[in-house]
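Input: one structure, supplied below.
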């Protein structure tokens, strides 16, 4: 496991915050319940899926933001992945566009609740709103 | 857009609170993220859908309350539309019946969580509980 | 139970087709698995919920069409309730409006899949498309 | 109704807390909106379903924990049923396993949010974490 | 991986049909798209989760049947796990009870669609309906 | 409307198949029910959302594939958008990665059902399986 984790760290481009950058952070206190679950989360999503080279981390994070926003019952995880998306190089406007696009596929409430999460993460990250329009 | 909005205002029967009455309110701070989204929400749901004459606003709001309660991950929007339903002339008991009926189609948890929202909106609106039974 | 069923029959305005008219039909062959479930379905949704007088059957069926369309994983039941809605006096255009409105709350795919069901039921019922626009 | 309730009480093995033990508690204040709904919840889920003898209460509660965790939009009800599962004799580790298993069928966010609820209920119940591993 | 698989085989109590017994069968042709996914499915759900000893396979399968029935959009997988539940020793009536119970938590449509799947699997397995009532 | 459509055509890089390329195709026969809905679909998702320049069409389609796969009740629309993703320049392996990644966020059944759709679209498009691994 440690080899895989180290490889993932390298791929994410930084050691110290890689757990956040790749989105594992949301389980925080879940580890207290069942420490093995932390290992599964590292091994399957991060060791197996995110480490695959056929898709970039930028695209992976945008896809995850889309899915979590559309599902609508995973807002704590959406928050983690908005941070993660910014961390791996997505522009703030790209994150906003993906969330807004979910109004088409999952309805306006999903998009509105997603935009609330985005607004909070942007505030925490010092990103000023509204974003400059192109 | 302004013409359509004005027409919608007229149809809703009042100018000042029409955005709430028709359910747009829940996006409140989402506009800060992406002001265009406010325009989309006015144009598509309200300009296009709610403005259609083949169904009354009363039935539209009851249908929306049903859907938001059944989906279960849109409670802030359900709150807006319980207010909206009352505003366009639905009786409190009619709103309660629709939410309770969702136990059949989406399960008791969805109905119970919906009734919690209803209880809060009724408290804010000065509607006394329990409602008189017929 | 029989008394309640009879009352429901009367309320639905016809004896012979009341099970369909009120939407129980979709379970058809489920009774073969567990006959008690037929009794539960009659007692709770129909004996308890639909028999309540504080909301009309027309509004109940529109609310159910909205919820089943929004949930998206209950198309056989949506089919039954589009029939039921027409049977209790909803106009074809009203059913279409409710389904179309779900694009706002549950996304375009839910509304498109719902409209496919509506189209099939209308074809079975001899309702010509497109409906006359007002 | 009272006879059925009494039978249920007996089956649950205690009178005073049976409503909680069997999971009805989450509706608490919903009864204020529509007292009839309390009766429906007692009659259908508890009088009809949980009282059936072909499946034990232990298995019923584990199945309910699984479903509520997977659905993801019923966390207040999940909390009630984690309490109920412990009350009818499920071991803490069994509850944790069911919730963790939901990562496979409903995704890691559903399991993580479920584990947060479990952690809170265990804290309220004086169950120490992490559980001893076998 | 082979060691883990072999251990799983042993735990499931038979070699030849263990993939079915543990529920992996539904991905059948998905392997053609991306063979690695078969490995992930064996490693995470079966190598990691189902192999844990703190919960029996019988309870695991009942929990999975509950979740897949409640989710409502995983009927092919529900079919696999109804087979799997029977295979690891669940009684037909226990499977029926779990599915029926989902009416309470996910609504009658989810339970009805689940019962249709159960009926088909029982027919394939030579289990006669209706089951003897106790 | 026609101007917007024409602009969209240009942006999509081809006139003749742009409706498919951008994902509107799935509503096919829904237009027969309510022709206005075709106009809404063109105006809001395509005129408003997809035409925005802050995110590329490639990323938009990957995000849509992610969301439709995760939602799990929109397989006809997923099919359209797998075609669309290929059409706007996504590599087959990128589409597969996004779908496979949904196992993490929406569970293995959602990913498996998504991979079935991908397999069918690839067969229709003459893309050979398994894809070469990197």
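Of note:
Going by the order they are written in, the chains are A, B, C, D, E and F; count residues from 1 in each one.
Just so we're on the same page, a residue touches a chain if its C-beta (ideal position, glycine included) is under 8 Å from a C-beta of that chain, and two chains touch if they have at least 3 such contacts.
The model shown is predicted, which means the values in this text are computed figures rather than measured ones.
With centres computed as the average of Cα coordinates, no chain lies farther from subunit C than A.
For chain pairs A-F and E-F, the one joined by more C-beta pairs in contact is A-F.
If each chain is reduced to the centroid of its CA atoms, subunit D and subunit F end up 40 Å from each other. Centre-to-centre, using mean CA coordinates, subunit C is 31 Å away from subunit D. Within subunit F, contacts with two or more other chains are made by residues 36, 40, 44-45, 49, 52, 68, 70-74, 77, 96, 100, 102-110. Taken in their complex, subunit E has these residues touching subunit B: 70, 102-110. Note for the complex: subunit B touches subunit D at residues 71-73, 96, 100, 103, 107-113, 115-116, 118-119, 122, 129-131, 133.
Interface residues of subunit A, counted against subunit E in their complex, comprise 36, 40, 43-44, 48-49, 52.
Subunit A meets subunit F in the complex at residues 44-45, 49-50, 52-55, 59-60, 62-71, 74, 77, 91, 93-94, 96-98, 100-106, 134. If you check the complex, the residues on subunit C that touch subunit E are 26-27, 29-30, 32-37, 40-41, 45, 68, 71-74, 76-77.
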